[in-house]
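Common to both upcoming complexes is subunit A, partnered first by subunit B, then by subunit C.
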Partner chain A sequence: MAKATFSVWRGDNGAGAFREYSTEVSEGMVVLDAVHQIQAEAAPDLACRWNCKAGKCGSCSAEIDGQPRLMCMTRLNQLDLTKPVTVEPLRAFPHLRDLVTDVSWNYQVKKGIKKFAPRKPDAEDGTWRMQQEDVDRVQEFRKCIECYLCQDVCHVLRDHHLHDQFIGPRFLVYAANLEMNPIDTGDRLDDLRKLHGIGYCNITKCCTKVCPEEIKITDNAIIPLKERVVDEAFDPLAKLIQIVTGKIPGP
Partner chain B sequence: MSHATVPLTRRRYGETMRQDAWWVEPLIVFVILTSFLVYATWAAFQNAHYTAGPYLSPFYSPEIFGDSPHAWFGPKPGWWPAWLPFSPALIILPFPALFRFTCYYYRGSYYKAFWADPPGCSVGEPRKTYLGERYFPLILQNVHRYFMVTAVLFLGFLTYDVYLATQFTDAATGATSFGIGLGTLVLAANVVCLGGYTLGCHSMRHILGGWRDQFSKNPAFRVPYNCSSCLNRSHHRWAWVSLFMVAFADIYVRLCSMGIWTDLRLF
Partner chain C sequence: MASYQSYDHDVLVIGAGGAGLRAAIEAAASGVSVGLVCKSLLGKAHTVMAEGGMAAAMGNVDDRDNWKVHFTDTLRGGQYLNNWRMAELHAKEAPARARELEAWGAMFDRTKDGRILQRNFGGHRYPRLAHVGDRTGLEMIRTLQDHGIHQGIDVHMEVTIYRLFLSGGRVAGALGYDRQRGEFRLFRAKAIVLATGGIGRAFQITSNSWEYSGDGHALAWEVGAQLQDMEFIQFHPTGMVWPPSVKGILVTEGVRGEGGVLLNSKGERFMFNDIPDNYKNQTADTPEEGWRYTQGDKNARRPPELLTRDHVARCIMREVKAGRGSPHGGVYLDIAWIKEKLPNAAEHIRKKLPSMYHQFKQLADIDITTTPMEIGPTTHYVMGGVRVDGDSQMTKVPGLFAAGEVACGLHGANRLGGNSLSDLLVFGKRAGEYAAKFAQDNASGAVDGGEVDEAIAHALAPLSRKTGENPYRVQQDLQAVMQELVGIVRREEEMVKAHSSLEKLKQRAEKVAVSGGRDYNPGWHTALDLKNLMIVSEAAIVSAIARKESRGGHFRDDHPEKKSEFGTFNHVLVRTTGGGMGLAKASYPEMPAELKQLIEEYK
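And now, the complex of A and B:
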């Protein structure tokens, strides 16, 4: 069996260093398997968050060879094993221990987005009627597993640490999911511009590239939201139509 | 909004743990866009060799004022300031140029390639401050939809140019007859590529129905939105192909006009 070396970040609260571990690897292994093997063989105190091992819980997010990825979905044959494989915690969030970060900021952000506000039920039993073609768009957004890889790779959060002014790609997807929902009546566009900092996104598409669910975050969520914000705040013609008709965006 | 304390140290410019050649893509974008800008600027200032037979270079179309038979209103007007260089291309090129400059796809690309903001995904940045597109001048990127409308008008002009490129005049008799040359196909391919790029633009997609939440109540929007979305999925490819094609069409007409290349008459 072949051996591979993993350079794993060890330390608490941001302080620490890479430590190298060699372990045997075999066909079909993923990085999470290797991390578990390292825990079993050499570092039982290595902290790492994981759960489903199937790319659906979004727990094992890390930076592997500098790229934000799910450890459970990164097969070793996708990596160059002739050099040590680096495994680091997410850099956009406060570090706790080894590969574990505190992602609770995301939960607070979610609370700050206006909640789903459905229109009056369509039927007397309190239910709504929706056509499939009306929910096709938002179903893509519901694939999100909240792994926060998109938040991690976004340079607005990662490099500029504008957590207090920008909600990040994950929550722009969440807002798009609500804004485009055919029975939602809420208006989040003003908040998106003024509170949630959609203007900080400069469309680098890094979030789209790292999404394990292959959600077209930039093209299908962020840019359509930016266009809706333009309708509301930057387009004089749309504003004129709004003044004349009383409203622009319709269901 | 809640704050998050991020104690991990900020990375220096270009610093990354990535092991792949992340710098190749922004470098290619930088080289191609710079080359295109230099060539297009040079070509626009030439004010010569932009027509050949029935062909008109897309850099000079529509020719509002100019010396060729394609000009709408005749030669350079008398009121044109003497200090201002004149070329038919200088009058019209700002519109397609600003359409591309404000395009969502190009924005993401040139922010990386020209401004290193960021240089690559998960690669350290050179600057500490960041304003995004929230303030002047980048807040002006929001006018993209207006340039998109001008781009649609240009598509109409260029389509008409393709029709004109099928009307060949016999030098001896002065009679006009239908024909197709290699240049006709080049100009037609240019319209197809520009159409693919313009009609799949994110602003176009929004105007064609993206702003609606329910297509079932407004079926007239369904087909246009789906068609635009289909083109939008390859928007980046259309962006590059159309950029190459428009430059190639200009080069083709220029070479024919200069006598370096003889147009191939297919029938």
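And now, the complex of A and C:
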């Protein structure tokens, strides 16, 4: 059977180097299979996260030949096996060991976004009525498996390290899911502008390109949110009224 | 003395899938302090993989549905070995748990009049599964996670619990290690909820992730709780079989719920050839009637593809053994055929089964809107588990609770699809509620420092051994034994052989050696999981040998018939005087007359 070589990043806390491992490949194999084989044959202590192995949990994110992808959904026949396949950890988060990074920042960010706040149930049976076409767009955002590949490629986080000022595409999608929920009453627009740094996104769409769930992050979540933020914060008519009357118009 | 960090919680929940999260939310709502231990990162637990939906008799699609029908369906599916009290509570409380999820932000698919949509599933008489396409588990875990993070719960991510401690016969604490740094953590708690899921990693072909190593089963067993019904393991009829690297990955029953049919290599719809007597009057006579059922015709009966999972899995095995299988040892599951019936079939399939479409396209180069899938049975779920009180979910050990897959009782000999997600919510909530009550009524117990030191020394042993076997090899050998000898079709002599192989594997597991340090070392974690896998495997073997009949998930080639004398008790594993695993019989209390009457009524 054919063999392929994988150049896997090994090391602790940011320090490290690529190490090459050769392993047999069979039909249909994905990169995660190769990593598991390497663990069983040559490097039992090779650290990597994984759970479902079916693209549903978003644990095994890595950079494969330089591309941010899920290891469990990247088939070897999509890669050039004539040279070593590089497998590296995500680069937008602090490195822990081998392919594992510290993604705890993402959990803190989510906690800082105002939670879902439904209006009072208005149907007789104490629930709500919602039409499928009204929930379709929210369901798109709720497909997110929190693999954080979008966070990894976002230059605001990856290159400019503005983690303390910008929540990143994943959490703009999360905020959009709440803002566009037909029964939610919360208002996160002010926070999005002042705390969550939505203005930093300059819609390069890198996040959309890497989303394994094919969520149209930029077009369907971020741009509509930006429009809402602008509408609320920079309404020219309201500004004019303010100038003329000296009063800030009510909501 | 070993070093470790200590944490104090009123209630400690071990496991952060649907049951654990729901338990933690409920306990926190009662005002006690709650710690939640996740083996992986929060939101990645196995619940995320559930596809089809959660069963709750809301009657949104068919108003003939109610808790009574759901109750009787669950018992029929479980071959009447269920804890009837749990089945009753489950059927009654599931609708409220589903609606509660919506109030916490879940976005289920909708009916035309704007309510939660429900779909057909095996063994359920009416369309009953609330769902979101075929990613219901993700919706559920995310909703619980996003709600739970605002409830003041202390979350301990990537921590594996290794040992429980008692004090005066009551549960008092738990020792774990964090994966990231390999440091030990001692959790002192007045009550502990086990919500650790199942045992699928004991088998080669499984839909379960690495986490499913029977941790909670083993932890409970070690401190004197009882394991029950461990012979009943569900082999889901439809797992992927090709290519080899994806073998076992789940294909949702929702495919059949949406009209998918099973075909052998001759193109025959073989499920029509074997319909069990107790389902005959609920099953369609013709393919035409079956199709009408999947499209919502209330006068039609369900197609035989939607019989219970145990039966469908066995029919598939029979076709394969008779030489009518697909090239890679499965049969065909065809949803593409519905293009004969629906004008926009391809679009319809992609909308109803998006992640199945995606999964086959990406992993097998197959477009399910045009091509049949190759599928075969995969180890999916364990009906057996820790014996609990039906109302409170408390085990025999005071202060120790269990909920979800790790607990036993609701499903009897076979679980109906969709009854797991609802199980997690109904009994997760109950476990959290009663654990909080227990914590409020009882003072903390003292954990013996010597026991902690001993447990830490034991956990570190594989790292300190200079020579020894690779733990992955022992795990693979165990999986091969269980797959070949204790799998979907069982025989006495094979299981006896498995039992003696297990003794040797246990000895090998005690001597494995691991290179590297304590920081994020999967080799070490695998070594520590072995002990749990051995315990649950032995429990399954001992129980399966003793059940000399075929019932539900347990099929004996040497005893192919269901025997009435085996229908009156459950197997409970007990510790023998020598410290080994022995077997006892236990029965549930007599079912009240009004519930018995329901069974007659909905026959």
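We adopt the following convention: the second predicted complex is superposed on the first by the 232 of 251 C-alpha atoms of A that agree within 3 Å, B and C clash if a C-alpha of one lies under 4 Å from a C-alpha of the other, contacts with A are read in each partner's own complex, and residues count from 1 in each chain.
Basically, a contact is a pair of C-beta atoms (placed from the backbone, for glycine too) under 8 Å apart; a residue touches a chain by one contact, two chains touch by 3 or more.
The model shown is predicted, which means the values in this text are computed figures rather than measured ones.
Engineer: Counting only touches as set out at the top, which of subunit B and subunit C does A:10 meet: first, second, both, neither?
Structural biologist: So A:10 meets neither subunit B nor subunit C here.
Engineer: Report for A:239: first if it touches subunit B alone, second if subunit C alone, otherwise both or neither.
Structural biologist: neither
Engineer: If we overlay the two complexes on their shared chain A, which of subunit B and subunit C does A:45 touch? Say first, second, both or neither.
Structural biologist: second
Engineer: Classify the contacts of A:131 with the two partner chains as first (subunit B alone), second (subunit C alone), both, or neither.
Structural biologist: both
Engineer: Pick one for A:181: touches subunit B only (first), subunit C only (second), both, or neither.
Structural biologist: The answer is both, since A:181 touches subunit B and subunit C.
Engineer: After lining up the shared chain so the two structures overlap, which partner does A:19 touch, if you call subunit B first and subunit C second: first, second, both or neither?
Structural biologist: Neither partner.
Engineer: Identify the overlap between the subunit B-contacting and the subunit C-contacting residues of subunit A.
Structural biologist: Common to the two interfaces on subunit A: residues 102, 131, 181, 184.
Engineer: Give every residue of subunit C touching subunit A within the complex, in rising order.
Structural biologist: Listed in rising order, the residues are 40-46, 48-49, 99, 102-105, 107, 109-110, 113-116, 132-133, 135, 137-139, 142, 146-147, 149-150, 155, 157, 180, 209-211, 242-246, 249-250, 355, 358-359, 362-364, 470-473, 476, 514-517, 519-524, 526.
Engineer: Quick check: in the complex, which residue numbers of subunit A touch subunit B?
Structural biologist: 13-14, 63, 65-68, 80, 83, 86, 88-89, 91-95, 102, 105, 108-109, 112, 131, 133-134, 153, 155-156, 158-167, 179-182, 184, 195-197, 199-206, 209-210, 218-219, 223-224, 226-228, 230-231, 234-235, 248-251
Engineer: Subunit C touches which residues of subunit A in the complex?
Structural biologist: 12, 26-30, 33, 39-40, 44-59, 73, 75, 96-98, 100, 102-104, 107, 110-111, 115-116, 118, 121, 123, 126-132, 135, 138-139, 142-143, 145-146, 178, 181, 184
Engineer: Write out the stretch or stretches of subunit B touching subunit A in their complex.
Structural biologist: For subunit B paired with subunit A, touching residues are 1-11, 16-20, 104-105, 107-108, 111-112, 117-118, 121-122, 124-125, 128-130, 132-134, 138-139, 142-143, 145, 202-203, 205-206, 210-217, 222, 232-233, 235.
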